[in-house]
Structures are given as structure tokens and as C-alpha cells.
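Right after this note come the structures.
Here come two complexes built around subunit A, the first alongside subunit B, the second alongside subunit C.
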Partner chain A sequence: MKILIVDDSLIIRKVLKNILKEKKVSESDMFDAPDGQAALEILNSHDIGLLLVDWNMPKLNGLELVKIVRKIEKYQSLPIIMITSEAAKYNVLEAVKAGVSDYIIKPVSGVTVLQKLKQYL
Partner chain B sequence: MQVKYIQPFINATIKVFKEFVGVDIVPGSPFIFNYNENKYNYDISGIIGIAGHTMGIVVVSFPKIVALDFASKATGEKITIFDDTVIDLVGEIVNIIAGNAKQGLEQYKLVISLPSIVKGVNHQITGVSGVPLIGIPFKSEKGSIYLFVSLKDLITA
Partner chain C sequence: MKEKYKWPVYGVLLGLVVSIISRYIMFKQAGFDISIGKMIGNPVSLWTRTLAPLVLGIVFFYIGVSRDRLIKLRRDTKEKNKELQKKMIEQSMQLGAELNRTIDELNRYTDQLDKIVNNIKAGVCVINRSFNIEEGFNKAFVDIFGNKDYLNSSILNTVFTMFDEEKKKEAVDYFEQCFMNTTASDSILSAANPMEEFNYLFLDGGSAVSKIIKMRVVRLKGKDTIFEKILLLFDDITVEREMEESIKEKEAEYDKKYGIIVSLLGNDREVTRQFITDLGHNIKDLGLSLKELKQNEENTKILDGIIGMVHSIKGEAFSLNFKALAEEASRFETFLKEQKGQVLDLEMNLEIVNFYEKINIEYGFLNKIIKELTVFIFGEDKEPLERNNLGNIKHKIEENVRKHISRDEGKQSAALLEKQLQIIKNRTAEEKDKRVILDFNSDIVEMDTEIYKPLKEALLHLVRNSIDHGIEPAEERKKSGKPELGRIKIMIKRADNGIIVEYTDDGKGFNVNRIKEKAVEKNIVNAGTVDKMGDLDIIKLIFKEGFSTNDSVDMISGMGVGMSVVKKNIIDTLKGKLSIKNKTERGIILKMSIPL
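== the complex of A and B ==
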């Protein structure tokens, strides 16, 4: 399964990749992008099976990305996990309304992410 | 600025450093920041603007030696120069602090900006016009870091 990580923080992208490696996901199945716009290019050129996405990013933020992705026919049932610092309840509701499948509040712990990933890998 | 605005930021700061960087930091006494006193030591700051039913800024400032130490701890790699990794870390830390603090301030419907980074020895930091900039020092093994918060009181519709 191809997995796309979208976060403007290089450190967070590295942390998430290391967590995926623990789940035996190969490097060649991991893609990453620093913003929603770059993510859309990857989504259009590959068949992504899981999307891990931050909210606050330049160019195109995660919430807007999720709304666009849900309009793409092949991605209507794509599992999307939002991993963000946005911790308010109204943010979680807004993200769910936009179409995210799951929501993790940063700072991320490997244990939390691995537990969530079990359902999708 | 009401004191109740500050505590969620302090709680979020302690949590972020423990869980993201892996260090325990201890808050000291809050103070009203006066740049002209120039007695604080920092070299890099992450700044986030806040809007919603209040408006203001939150800033986290680090001395170089502390920022390098925390970047090394967060990445597991020895980082000795002020590179993009350090800038990335400082931006992500202030982003997580501001985002997590929203949990304690739900009623104000806060919206946070993308982080900006400022570098330079004891660079100027200013709060919202007419609102004090409250500083909170946090002690770590390698030195103190500072959280600065300046928020206007509730803006009613």
C-alpha cells in the first residue's frame, strides 16, 4: 500500500516515516510532501492507499486538501488520518465534516500513531 | 490581558517539550517583558499570530545552545549548526503549543497562523499594541527558554 505523508515540518515527516518503518512499510511505498499543493500532484500521479495529513501548511492547508481529495472519485473512500496540533473540539468536528477518517493531536507518540495505523494497514 | 489566557499555554509548553523533544522543563515566575531591560538571553524565536474572539501572539524563544540541544534530542542526530532542522523544530514547537493551548480556550474560537522564525542575539519581541507581553521562563538542563504571550481581552461580536 502506498502511503502519503503531508506535513510542512521535515522533522514530523521523518518521525512518521520512522513509525511506518516499524510497521514494515518499505521506503518505496512512502511518499511525502511539504504542503497540500505538492500532495495533490502525488495523489494524481500515484494510487495512494493511506493519507497522513497535517492541517496548518503553506500554499494549500490540510483541511482544504481533504475537501479536494474527497471530490476525486478514486479517493472517496481513501483512509485519511489528520495529524495536527489543532486540539480544539471544533477543529476535530470541522475536520470530520471535511472527510477525515481519523484525527491525531500532536505531539505525536509512536504508540498512538501505531494504534491508529493498525486499522488501516 | 487576563491571567486565565496564560495557563493553557504554560500547560501546552510543558507537554510539548516532554512528548516531542523528550525533555522536562520547569516553569518559573511570569514577568512583564520589557525589551529595554535586555537581561534575557535568546537567539531564535518561533512566533504565531492568534485571531478569533481575541487576538495576539505567542512566541517561544531559545538560546542557541538550547535550540541545538533540543534539535539533537528531537531528531536523534547531533546538530551543531543553526540549520533548517533547528528552524523547523522551533516552528513546529510553537505551532504545537498554540494549537494545544486552544483546548483550554475553546470558547474564544482561536485561529492560529503559520509560524514565523526570527534569529539574532536578543532580537526585539513586541506584543500586541497596548497589551503587555507576558514572559514565562522555563528551566532546562542547558539553559532557560522563554514563552511570551500577548493577547487582547475578549472581543465581543
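== the complex of A and C ==
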């Protein structure tokens, strides 16, 4: 399964990739993008099976990206996990309405990410 | 014997009887002539004589056969009926048993379900896509929300009764997502739940009780992948919350207690004892003044007195690091200052009493902790004299402690005064980030409490003011060629008929122009008058109530009360004299002479 990580922080992308490696996800199945625009290009040219996306990003923010992705036919039931520091109730509801499947609160730690990803991998 | 055989025999026998009877009749007719002619000539006799038994036998045979058949048929039918009946009974019994089993199972199942549903501590109900409550809400649910017509009524109107329109919209928004959104996980939905905790007004007879309810959501899948129903679980967490609150309160109290204990340990014992004793008197005086304030229309003077007392409490409590008390007094002081020049109505008076009570509570709290500490250290035994030596020692220490804390010793030592001043100097210098030395010299070892108290108060204010307004920061002092360390000198000398106290600091002295401006600004004097005044007279304006060269209200001095307390205590209370010398840029000299 191909996994796409979208985060403007290189470090977070690396951390998430390392966590995925622990789950025996091969390097060739991992994609990453620093912003929403770049992510859309990858989503269009590949069949992505899991999307990890940051909320706050330049150009196209995570929430907008998710709204666009949900409109793409093949991605209507794609598991989308939002990585966010916004844990307020109304923010989460906003994310749900946009089409987010699950969320991970920053700061990301290996244990919590793995726990969350278990059901999607 | 079978009918088939029985009946022909009956037929033959009947035929024979007929034959015999006919023969008898024939004989009788013939007059018992048995001649052959007679016999043959009678047609009846031929029939009766020969054919009757045969014909009747054959006829009866058929009767027998048919009867036989009938009987057989009857028997067969009967048997078949019997069998059928038996079968039917068997079958119905089986069916009945099965039915009973099913009913039993069903009952067991329902019982179990009831037990499960009712044993769930949480209130449970199921809502459909129109947010209406369906059958199957449990007892706990009714216990939480009260007896109502729940079935087929909207959850928004029965459970979320306290919600305003906006909150209701949010709830609808959320439930819609629960039903329609198939991609959202349970965890994100539970995180997004805006009703995770909500208030519910429970009407228990005539009284209304506010409950805190926790709600969890379980989506129930229908035949397709969409969610048809939502199971809602409610917990009444009012008691838990209350407990949490009380734990928090307790923790806050412990924190406060701990803070006080730390302050007590950090403070000088003598100074603290003096402070506690003074505080007790001050609070008593304050109470009396408040009473006066209530009864008196001309209250400006009384109010000023009260402000002064509260100001002293604030300053001293601050200097001994009793923060809660200091902050309470500071708030009280601010409030009192705002009331100046206003007509005190009942509401304000009540507010003032409230503040006073708060101060009183803090004082009580402080005392309680000191007592607890004393008990902790010395034990609770009041009469340990008869006990062992250790008990005697304990008792003596305890007695000593009590004596020191108790009031009316009559005389106070100058050493204690120095300690208190040193402490306030250290605290204020630390707070204002200044470096200051306090030189204290006294010819007098002890003085009367009546002198000690106002003098101490005046000196405390002077020290605070010197550090706050007079002594410059080290950098600034260096630039103007002064030693980096600021210096305050206090000399107490015995004079012919009293005491002379000399107070000096080497700060920047009084800024006459600034005082002029302020005095005019604060309406203490008018601009015309102030121009004709000499420098010294202008400086004396700082002793007027309401004067301050520093506008900020802070924990150190502020509010301009400081210097007026000096004047009030030395001149009004102690009937002394006060003279000032201003060494511009080099500091101040204050001379106080107090008659005995």
C-alpha cells in the first residue's frame, strides 16, 4: 500500500517515515510532500492507500487539501489521518466535516502514531 | 367369526326356518297329507321347500360381505383416526414443547438483555436519523433525565434542554456527521463530540438540580454500510466533578498552607510573632473603624484611617511573604481608594465588610497554621509537667512560645525593630532590583509598645519609599559618582524628654519640581499658591494624603499612602515633630523627635 505524508516540516516527515519503516513499510511505498499542491500531484499520479496530512501548511492547508481529495472519485473512502496541534473540539469537528478519518495530536510520538496506524496498515 | 361367514349361516338358517314353516303350513293345508302330488302341485311349497334357504343364504352372504366390509372400513377408519389423532397430539406436543423452548429462550434472552441494559450504569438510548429516541432506553436513562415521554420524541428537546440555538445547531451538525460520514473513525468522532460533557437541569419535584452529564456515542450499522442508528451512553458525573472540585480546593488550601509554612520558616521568629500580634490588634481596630464608618456621614477622615491601616497590613504581610494576606489587603486598599470622596451606600459598606472578612479569614488561617505547627512540634499535651523530663522541656518551650505570641508585653526591643526593618529592606530591594544597605543604631534597648508600633510603621514606610523612589539603580549611581550600594541610616537616640530618630538615605532626594507638578495635578494645592512656596514647604506636601510621585499601584508602596502614614504616626499619634532636609541628588534627612 502506498502511503503519502504531507507536512511542511522536513523533520516531521522524516520522523513519520522512520515510524512507518518500523511497521515494515518499504521505502518505495512511501511518498512525501511539503505542501498541499505537491501532494495533489502525487495523489493524481499514484494510487495512494493512506494519507497522513498536517493541518497548517503553506500554499494549500491540510483541511483544504482533504476537501479536494474527497472530491476525487478514487479517494472517497481513502483513510486520511490529520496530524495536528489543534485539539479543540470545534477544530476536530471541522476536520471530520472536511472528510478526515482520524487524527494524531502533535507532538508525534512513535507509540501513538503506531497505535493509530495499526488499523490502517 | 367374520360377518362374511356369519351372515350366510344366518341366511341359510332363516331359509331352513322358512322352509320348515312353509312345510308345516303345507301339511296343515293338506291335512297332513304327505302325498307327493299335493306337494308338487303347490308352487309356494316349491319356493319355500327348496329355494328359500339357498336364496336367503346367498342374499345374507352379500349382506354379510358388505357388513364385513363396512365393519372393516369402520375399523380401519377408526384406527386411522386414532393414528392420526395420536400423530397430531404428538406433533402438537412437539410443537408446543418447541414453542415453549423458544419462549423460554426468548424470555431468558430478554431478561438477559434487560439485565445487561439495566445493569449498565450508564443511561442508554438509541436515536434514529431524525434524532428521535427509539424503544429500549433503560432505567438509568430515565433516572438521569427524569420521567418524560421519550419514545419517538427528539433528543434535542428531551435531553439537550439546556442548549441554546447555537449549541443545538452544533449538536445537529455532529449527529449528522455520525450518521452520514462513513470515513470518519470512532476515535475522531469521539474527539469531535461537542456534547462530551454538558449540563442538564433536573427538576426534582419543586427544586431544580444542575447535573453534569457525560455522553458517549456508538454508531450502529444498518443493513448497508450506512449508520442507521446511534447508541448514546450517558453518565451522571456531577458527584465526580464535585469531588474533583473539592480536591482542587483542598489542594489549593494545602498549597496556601505550604506557602505560609515556607514563609514562616524563612522569617525571623520574633518578627513574625510581633507581626501576628500586631495583626490581631490591627484587625480589631479596623473592625471598630468600620463600625464608625457605617454610623458616620462625615467619613473621609475615618476612611483615610482605614486605608492607612489596610496599607500597613499589606506592607507588613508583604514584607513577611504572607502573599495571600498581602494580596487580599492590596485589593481592599484599592477598593477603599476608589470609594474616596463618594457617598458610602449600603452596598459599598457591605463590600467593605466583605473585604474585611476576607482579611480576617486570612488572619485566622495564619493563626491556625501556627497553632498546628506548634502542636506538631510540641505535641498536644497541655499539662505534661507530671510526665518525664522530655515532657517538661516540651512544656517549657511551649509556654515560652505562647508567652511570646500573646499580647501586651508592654515593651518592645529595638533589636526586633531592626530585624523587621532589615527584612522589609531586603524584600523591597529584591523586588525593585536595587542594592541597599541599612545601618541601624539605637541607644535605646526597649521602648513602650505605644511608641514602638507607630514608629515601626513610619520607619517601614520610609524604608520602602527610599528604596522605591529615592535610591537609584546601581548603574545610575555609578554614573553620578555615588557608591553602587545605596545606604539608609537610622539612628535612635535618647533625648532629654523623649527619643530622637534620624533617618537618612543617599538617594536622589526630593525632586521639588516634580512634587510641585504632582501636588497641583492632585489638587492638593493650587498652582498660584505653590509658586509662592519655599522648597521645604513644597517637600512637606508629600505628607499630605493622596500624594504619590509614582502612579503605579504596586505591592511595595504606591497610592501615596506611604508618606502620609509617617506624618500621621509621628505628629498625630505620637505628638512628635518632623523635620526634613533635602540634599538634592544626595539624598534626604528626616529628623523625628518623639516625646515620652
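The rule we apply is simple: the second predicted complex is superposed on the first by the 121 of 121 C-alpha atoms of A that agree within 3 Å, B and C clash if a C-alpha of one lies under 4 Å from a C-alpha of the other, contacts with A are read in each partner's own complex, and residues count from 1 in each chain.
Just so we're on the same page, a contact is a pair of C-beta atoms (placed from the backbone, for glycine too) under 8 Å apart; a residue touches a chain by one contact, two chains touch by 3 or more.
This is a predicted model, so every value here is computed, not measured.
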item	value
Clash or fit (per the criteria above) of subunit B with subunit C on subunit A	fit
First, second, both or neither for A:P58, with subunit B first and subunit C second	first
Which of subunit B and subunit C A:S9 touches, first, second, both or neither	first
Touching partner for A:M1 - first (subunit B), second (subunit C), both, neither	neither
Contacts of A:K97 with subunit B and subunit C, given as first, second, both or neither	second
Which of subunit B and subunit C A:E86 touches, first, second, both or neither	first
Partner chain in contact with A:P107 - subunit B first, subunit C second, else both or neither	first
Touching partner for A:I72 - first (subunit B), second (subunit C), both, neither	neither
Angle at subunit A between subunit B and subunit C, C-alpha centres, nearest 10 degrees	60
Smallest separation of CA atoms, subunit C relative to subunit B, angstrom	12
Touching both subunit B and subunit C, residues of subunit A	87, 89-90
Subunit A-touching residues of subunit B, taken from the complex the two chains share	15-16, 19-20, 74-75, 84-85, 88-89, 91-92, 95-103, 106, 109-110, 112, 114
Subunit A residues within the subunit C interface of the complex	70, 76-80, 87, 89-90, 92-93, 95-97, 99-103, 116, 119
In the complex with subunit B, residue positions of subunit A that touch it	8-12, 14, 56-58, 84-91, 105-107, 109
Subunit A partner contacts - residues on subunit C that touch it in the complex	170, 173-174, 177, 181-185, 187-189, 191-194, 196
